[in-house]
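Residue numbering begins at 1 within each chain, and the chains themselves are lettered A, B, C and D in the order written.
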C-alpha cells in the first residue's frame, strides 16, 4: 500500500497506457506544453513527444470528432476535454457520431475512443465552470460512462477503458485531484461493470458516485457516532448501470438516499431512484430520497456555493429525517 | 369549435405574435424563403418582410446566441432550431448564457427569448434525426420547457411564452404537425404552469407529454374496453414541473405509468417516477413503471423504429401486467 | 472540355453518371410507391462530381460523405443491390436497413457514411487522416460536404486543425448554390468558398462541377497535393441540384427559369454531346449502357424486394460490441 | 507614437492603465491572502488595450468581454469598490458576489460580462447589434475576445452572420500570443488573425496593443467604420500577458527571456516615457496619480471588506424573474 494522490493516479494510468501501446495518444487543450490543466500530463510532451501528446486549438467539437475519426482509423485516442462544461460544444459529435455509428452502420465500425474530462463544482469557479453533467452522458446509448472516485479507480479504470471497442467517457471530479489515498501495489486491474460497496451497514443505503462519495462516507462516519450504520454504494459506472449491487444493498437496509452533485430535477439520482422503485418497491420501508444540488447556476461566493451543493451535513440530516419519520 | 391541424395552430400562434408586437421576430434555418421545414412560417417572409422573418446560415450556436443577445437588447426573438437534434450544437449558448446570465449577474439582465424546435421520432428519419431530448432541457435551471401536445397548446402556448422575461423552450413533436384537432373560438389563453388531465379514470394514472399523449389516450381507450379506467395526465410543462396535478391523480388511482419517448435510462420519466416515489410513496399500490424508448439509436426500418418507440400496445400490456400482478 | 477524351474513360465516366441518374430516378419512383421512406435527398444534376472524383481514390483511401451520398457509394463500388436494400430498410442493405438513404456505410470500401448532421463529417475526416499520418500510411481521406456546411463552426475548426497538423484531408465542397432553401449569398457574407481556405493557409481551387472532365482533372491535382504530404486541400465544385432538396419541398426559393437554365448544363447531356462530337460515342454504345443499367437496377430492386427484414430481436444488437470483457 | 500628445488626454490614458495595474497587483496580493478565490485571470501587460479603446465607446454602446475583464470594467466606469466586492464574493459586488472575477456585469453601463466560455460572447454580441439595428439605434457592440477564441467555430459563424446582416459589431481580438499555454502558432495554421476577416468580406486591421495611442487611433477608425453602418470590423491588438494565465500556472510554455523582452515594452512604462519626453508629464503628476489610485484601491478594499454576504435564503433568487404570471 502506497499513498498517492488522485492526480498522480490519473497520471500513472495515462503513462502506463502510453507506454504499453504505441497506438495510444493523448490530445486536448493544453495537455502538452502546459502540462495539463490539472497537471495530469506534466512532462509527457518531453517524454512521449509531440506526435503522441497533442495540444489542440480551442475547437472542442473538432478535436473530439477527430478522436472519433482517429479511433475509426485504428488508433487508440485518449481525448481530454478540459472540463465537462466545455464538452457541450462537442456533444453533437458524441451523440450523433461516437455513440451512433456502430449501430447505425449495422455493426461495421468500431470506435475505441476514450474521452476524459474534469467535472464538478466546489472550487468557487462559478456558474459556467461548475457543471455536473455525467447524468446526461449516462442517457446516451452506445457509450460507457465511468466516474472514478477513488485513487484505485483513477489509476486503473483508464486501462480497462482502453480495451473497450466502443467509446468510454471518464469523468474525473476536479475537486479530487489533490486527494490522497492508499493504492495497493501491483496491478489489481479494476472492472468497469460493477458498483462497489465502500462501507457496509444495515440501517440505510447511501448511493452515490464521483465527488459525492467522500461526502457520503463522511456522513456515514458521523451517523455511526449516533449508532446509525449506513451502507455506502459507489456506482463507479453510470452506464451500463450495475443495479444488482444497489438492489442487494437496498433489500438489506430497506432505505435509500441517492446523492448526486447534479441539479436535482433530471439528475441521474432520479434514474437510480426510479429503478429502485421499479425493482425493490416492496422492500422499501420508506420513500427513497435524493440529496442533489440546488437548482441554480452555481454561485462564486463560498457560502452560496456550499449551500448549493450536497454536503455531508445535508446527508446526515436527510437520513435522520427518514429514520425518525418511520 | 373549429377543426385545425397542429401545424396551422403553430402558424396561427406565430402570426398573432408577429402581428401584435413589432419587437417580435422569427429567425432560424429556412424559416423564410423555404417557408419553414414544417411549413409553419410559409408565406411569412412576404407578409412580414425580411427584417422580421430571418433565414439564418447553418450556424446553430451563433443564431441561438444571437437570439440571446437580441433579447438582451430589447427584442422579443423567436428562434426556430429546425430540430432538437441540431440543438446540441447550440447547447453551450443555452446552458451557459441563456439559462445563466440572469442569476450570475445578480438579476441585472433579462433574456425574454423563445426557442422553438421540432422533436421526436416516428417518421423513419433514423438515428441522427429522431432524438427526444426535452428531458435534458428540463434539467437546466433558468429556462422554462414546454411540450404542446394539443392544437390548443400549439396555438396558445407561444403567446404566453412571449410574455415571460426569461427563456422559454417549446418542443413541437414533428409527428403531430399534420394532426387535426378541435380548437375553441376566441383566445382562451393557456397557462404554462399546469399539467392537464386529458382523460379521467380511477384505476391507473398514465403520465406523459408531447407526442406520447396520443398513444396514452389510445391505450386508455383500449383499456376501457376491458373495463380498466385510466386517467391520462399531460404534463404540458416539464420545467417548472406541476407535480400537484400528478399527485392528485396518483393519490386517486394508486398506480402510475410514466410514458416518455426518450431513451429509458436518464429519461424525464425517471424524474417523474422519482418525485411520485418521494411524495406519494404510501399512496402507491404497486411500483411505478415506465414505458420509454429502447436504448438504441433509432433505426430507419419501420418495424425496428416501431419496436424502439413507446406504443399504445406496450402501454396497454404494461398496465395489464401491473393490475394482474397486484 | 479540359482534355482530349479517350473512349474507354469517356464511356466509363458517362456510365457512372448514368447509373446514378437512373438509380435515383428509380428511387423517386419507389418513394412515391411507398417502398422507400424517411428523408430522400437526390443527387440528380450533381452526378459529375461523384463520377469524376471518386474513381481517383485508391481502395484504402477513406470517404466521408453526407446524407446526399447515393452517387458516392455507387461510384465507390458498393453493390447497387445493397444500396437499394438499404433504402428498403432490409437486412441485406449496406447498413442492415438501419440507416436508410442518409446513412450508407461500407467498411470494405472505407466508406464512412452517410453522416447527416451538416458539417459533422469534417472532424471525423480530420481524425481518419490523423490516424493515417500517425501510422505512416500514404492514405488520403476525402470529405464531401455542401455549401451550407461552410457556415458551420466545424468547417472553420476542421480546416484549421487539418492544416495545423498537415493532415492528408481532401475537403470537397459540393456547392450547389443552396442550403435547403437558402441561397449561397443569403448564408455567406462572402460567397467565394475556395477563397476561404486562405484563412487557414490551405491551398484551394474552384472548378465547374457540371463538367465531369474538369472535375476529374481538378480532383486529381488536389489529390496529388494531399498525397504529396503537403497537407489538406479545399476543392469547390460549382454544381446544381435539379430536384427538390428532399422529397417534400415546394421549391419556393428558386425559379423554374433558374432550374431550366441549369438543366441546359446537365452534366450527362453535355458530356454525351462532347463524346459524340469527339466521335467516341455512338447510339449503340448508349443503348447498350442504358440496357445494362436498367438490368442492374432491376436486379437491385429484386435483391431489395427479396431481402429479409432484420429480426426485431436484433434491435439493440451493435449498440455495443457483444461479449466484451469489462474487467 | 502616432499622434502628438495632449496633456489631459495623455494623463488620463496613463491614469487608466495605472488604475488597472495597481488594482490587479492588489488582487494578486488578496488572492494570496485568500480573500479572493476561484479563477483569477490578470490583465497586467495588456492595459493599453482596454485603456485605449473603452473610453471611445458611447454610454449606450454595449461591451461584451471575457473572464479577463477587470480592466475593461474599470475603464468603463464601474466603481472599483463594486468590482473588488465582487472578487470578495460580497453582495455589494457588481454581480452580488455570484460571478467573481470571471463574471463582472454592469447593466447601467451596458457591460454584458464577463463571459467565461471561450468565444461564447461573440454570438451574444451579434445579437445585441441585431437588436440595435432592428430598432434603428445608432449603437455599436464591442466584443473583446482572445486569440484562442479564433479557433472556435463561433468566431467563424459570428463574423459571417454579422457581415451577412451588416451588423454594428466591433470584434476586438486581444492577441496576447497564447491561449493558456498554447502559443498562437501552435493553435492557428495561419497566424494572421486580422487577415482571416477576408473570408467574410469583413474589414480588419492589426495594431500594436502595447501602444495606447496606437490602440486608440486604430479603435477610433474601426469604430467610425462600424458606426457608419458599414457592418462589422475585426481589430486585432497585438499584446502580451505578463503574468500567469491564471493564478495556478507554472508557465512551462514560455521562457523568462521572452517575458522580459516583452516587459521592455510595458505599455505603462513606454507611455510614461513618451509623455515625459513630450514634456507633458512630470514627477509630481505621477506621484499625485499614484496617490489617488492608492486611495481609490484602499477605499475599494474597505468597501469590499465592509460588504455583506448575500443571505443564503437568496441563493435561488433570480434563477427566474419572481412573481411572473404564467397564464
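Everything that follows uses one rule, which is that contacts are C-beta pairs under 8 Å (C-beta built on N, C-alpha and C of every residue); 3 or more make two chains touch, one makes a residue touch a chain.
Source: prediction; values computed, not measured.
For chain pairs A-C and B-C, the one joined by more C-beta pairs in contact is A-C. Distance from the centre of subunit D peaks at C, each centre being the average of the chain's Cα atoms. Taking each chain's centre as the average of its CA atoms, subunit A and subunit C sit 40 Å apart.
We define each chain's centre as the mean of its Cα atoms; on that basis subunit A and subunit B are separated by 30 Å. Look at where the CA atoms of subunit B average out and do the same for subunit C: the two points lie 36 Å apart.
Centre-to-centre, using mean CA coordinates, subunit C is 46 Å away from subunit D.
Looking at subunit D, residues 97-99, 103, 115, 117, 120, 151-154, 157, 160-161, 164, 186-188, 316, 319 sit in touch with two or more other chains.
Residue positions 56-57, 59, 61-62, 85-86, 89, 92, 96, 103-104, 126-128, 141-142, 295-297, 299 of subunit B are each in touch with at least two other chains. Listing the residues of subunit A that touch subunit D in their complex gives 29-30, 32-35, 37, 42, 55-62, 85-86, 89, 123-129, 294-297, 299-304, 307-308.
Put simply, subunit A touches subunit B in their complex at residues 61, 85-86, 88-89, 91-92, 95-96, 99-100, 103-104, 126-128, 131, 135-136, 138-142, 239, 241, 262-263, 265-271, 273-275, 277-279, 281-282, 284, 286-290, 295-297, 299. On subunit C, the positions that touch subunit B within their shared complex are 37-39, 89-90, 97-100, 102-103, 115-120, 148-149, 151-153, 179-183, 186-188, 249-250, 252-253, 309-310, 312, 315-316, 319. Of all residues in subunit C, those touching subunit A in their complex are 62, 93-99, 103, 105-107, 112-113, 115, 117, 120, 122-132, 134-135, 141, 153-154, 157-158, 160-161, 164-165, 316-321, 324-327.
Put simply, subunit B touches subunit D in their complex at residues 23, 25, 51, 54, 56-57, 59, 61-75, 77, 92-93, 96-97, 101-110, 141-142, 144, 160, 163-166, 189-194, 240.
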